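Following this message is one structure expressed as structure tokens.
Each chain carries a letter (A, B and C) given by its place in the written order, and its residues are counted from 1.
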Amino acid sequence: MKHLLGTKDLTKEEILTILDMAAPMKDIILREIKKVPTLRGKIIATLFYEPSTRTKNSFELAAKFMSADTVSISVATSAVQKGESLRDTVYTLEAMGVDAIVIRHSRNGAPHYLASFSKASIVNGGDGQNEHPSQALLDLFTIREHKGRIEGLKVLILGDIMHSRVAKSNIYALSKLGAEVIVSGPPTLIPEHVKEYAEVCYDVDAAIRKADVVNVLRLQLERQQAGLITSLQDYHATYGLTKERVAKGKDDLLILHPGPMNRGIEIDEEVAYSRQSVIQEQVSNGVAVRMAIYYLLLGGAQA
Amino acid sequence: MKHLLGTKDLTKEEILTILDMAAPMKDIILREIKKVPTLRGKIIATLFYEPSTRTKNSFELAAKFMSADTVSISVATSAVQKGESLRDTVYTLEAMGVDAIVIRHSRNGAPHYLASFSKASIVNGGDGQNEHPSQALLDLFTIREHKGRIEGLKVLILGDIMHSRVAKSNIYALSKLGAEVIVSGPPTLIPEHVKEYAEVCYDVDAAIRKADVVNVLRLQLERQQAGLITSLQDYHATYGLTKERVAKGKDDLLILHPGPMNRGIEIDEEVAYSRQSVIQEQVSNGVAVRMAIYYLLLGGAQA
Amino acid sequence: MKHLLGTKDLTKEEILTILDMAAPMKDIILREIKKVPTLRGKIIATLFYEPSTRTKNSFELAAKFMSADTVSISVATSAVQKGESLRDTVYTLEAMGVDAIVIRHSRNGAPHYLASFSKASIVNGGDGQNEHPSQALLDLFTIREHKGRIEGLKVLILGDIMHSRVAKSNIYALSKLGAEVIVSGPPTLIPEHVKEYAEVCYDVDAAIRKADVVNVLRLQLERQQAGLITSLQDYHATYGLTKERVAKGKDDLLILHPGPMNRGIEIDEEVAYSRQSVIQEQVSNGVAVRMAIYYLLLGGAQA
């Protein structure tokens, strides 16, 4: 593996390799001294063209736990302001000795474009409405940790499927590992072609009753302005993961959310902090999965 | 000690423990090689909801001198922008393996709220108009270093007492260690209840004549817009620490200021850089005191 | 050497010492493990009053490759916002244990002012329209690496000479090492006094024909608004380094550009990525030269 661009491009075996590698990585971050020398002398750059704390910090901490150095570039302060092209920015990072570049960009395919010429490893940290593979991999890791398997599970993805890169990366990865994917949410926000990969179930309550796992998507609040949903209250009433809806589901229904949450909109506070929720654990697993990704891309094995 | 929220909550013994621990820490930062492995593999996050360089850098350098890794979150670039709650931000940091969180927030009590549920240690880096304990501790360390003691000293705090978290943290800590605290400044900016802890002396010149130490507060320039002071010139004339005022005080009057200074307003340039001023030393001591705080909170002893 | 303020102040021997030292530094960044312990326990601050990614990252990575810790201060988030003077900012950094300060400032002479009182080493990272010495040193390093020498070479500097600190630092350094400097560009952007150091040749094509090396300056796009150039199209037609112009030059003409490039304006895309271009190499060499600067300033030799 040279780059990590999306789960669409990964084989089942590659996905399993990353998940297997993430387990020993998780042990490291639970230690008293969270530091191994594996990637000492490697440089990892985060190049974020969209604001983010959670994902960026997760990628940066993963690097630090492995003793890599990090360099962080955000649009606000970068030469991008001076009109530098994405290509030249990447050439520059490469020339400075950067070994891997984690990129988040509003344009679909930006990481794939970079991977077409970059000598440094490219990690997709979220591209437009296309993919967010590390998020899907941490979701799968979390599910497998709790359910013992992925194959045969019914995994419901709930919310704005159309605009969600988290949904897409999850759907591809879950399908490859043999899960049965169900999607639910506003009909206006579920694209037709998703039926290739998933069962569409517009009845949220019915979908929840069937599910072993529900992954609640964050509602992008700007969707309301675009007229795609009527109101936040309506959204909550019709599609929100409420205590009542959860009560009608399986007792061991596992609840995931990629964060940050709009509590009281797509998910209720008491659900988010309930026994069935593994939302905070997803965050820990995110660091572990990103450590595994770095390890596999940067050949930590030989170091 | 699990958290550092304010000097109000500290015992005399706890304050002395921190001050005693800061002395060997100061030796480290005066060395040619400013680095000890004490907190290797620990992660310290700075979470600043108000702009700051001085305090943030001081906390971050203190961490680096002890080989801890740091992660820095500022509001401008954080998920806070996406409406994430303070609680979820802290849960996220915790889940990522963060051991201590230094928080600065405009709301009084924000750190206390976080400490009520956080598994990570919370360090108050300044909360609203409430407390700024690490600043007070470094002020006391500096005073003790020069005067050999705190007990029995007359310490004047000069300026906007009402809105100053530095004033409050100093008053609590100084009182506990047996100093005699005097406050002076515009009557509109000295709250009644301060009389519980300190002598109020509206005559600045008389107050300076009595003092062994004067701690000049930074004037928040927005106070003028609020109509609490008439003009900066008036403020300087009536309450500024001028050369003339210092000349009438004790010859060994010790002059402190938390910085950044408004030179020519609350303090004159020649006073700020005079023989009696220890303002730059406070900055060094700030790093040492913060190292001591980390050491005590993060159990460096066992590492 | 205590500070690096400009190439104007450097002797020929000092320049050669830096270039010679940069060669082993370059070896380090080409290694699998890009890290040496030379500056462990040293602190290097970047204090940038103008936006920059390229130069700031280069200085920070150079520090990290040598195991120094870094602290980064940008105007947007700094106490400068609170009206702190440049002097007090530097006093504060010094007091916190900072060993070297890399400053970029819009005012000519800002680094020289700081050097007049700072105990920390001051490195000029670009001051107004005055100097950008590390850029010139990396340009010379790159030229020498390819041509085997500087002395006797004809080096053309093309573009807005008047406002360019890169041009000035290059002209001083090249002259001291015995190169023959030619400048070309819009007559309105070439100051009279440059004739002391360089041959002025308004005919760009003639200048290119003579040159062994051409260093193309970045066009500051705001110059057009100021009426100093007519249009970007005109600029490109008359002064841009096009494929056609390069074809009329020497076959081994070496092409440099300090970046970030305005492709299609001062330089054509195919020229920028051609066989004769060493633009990306300049970026790598920039890190190496900055490592050499730190080494010489911070006495790595004794550490």
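Convention: a contact is a pair of C-beta atoms (placed from the backbone, for glycine too) under 8 Å apart; a residue touches a chain by one contact, two chains touch by 3 or more.
Remember, predicted model here, so these are calculated numbers, not experimental data.
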| item | value |
| --- | --- |
| Superposition rotation for chain A onto chain B, Cα-based, multiple of 5° | 120 |
| Copies chain B and chain C touch via same or different residues, half shared test | different |
| Rounded Å distance, chain B centre to chain C centre (Cα mean) | 40 |
| Interface hub residues of chain C, defined as touching at least two other chains | 76 |
| Chain B-touching residues of chain C, taken from the complex the two chains share | 40-43, 69, 71, 73, 76-85, 88-89, 91-97, 303 |
| Contact footprint of chain A on chain C as seen in their complex | 29, 31-35, 51-54, 57-58, 60-61, 64-65, 74, 76, 221, 259-263, 280-284, 286-287 |
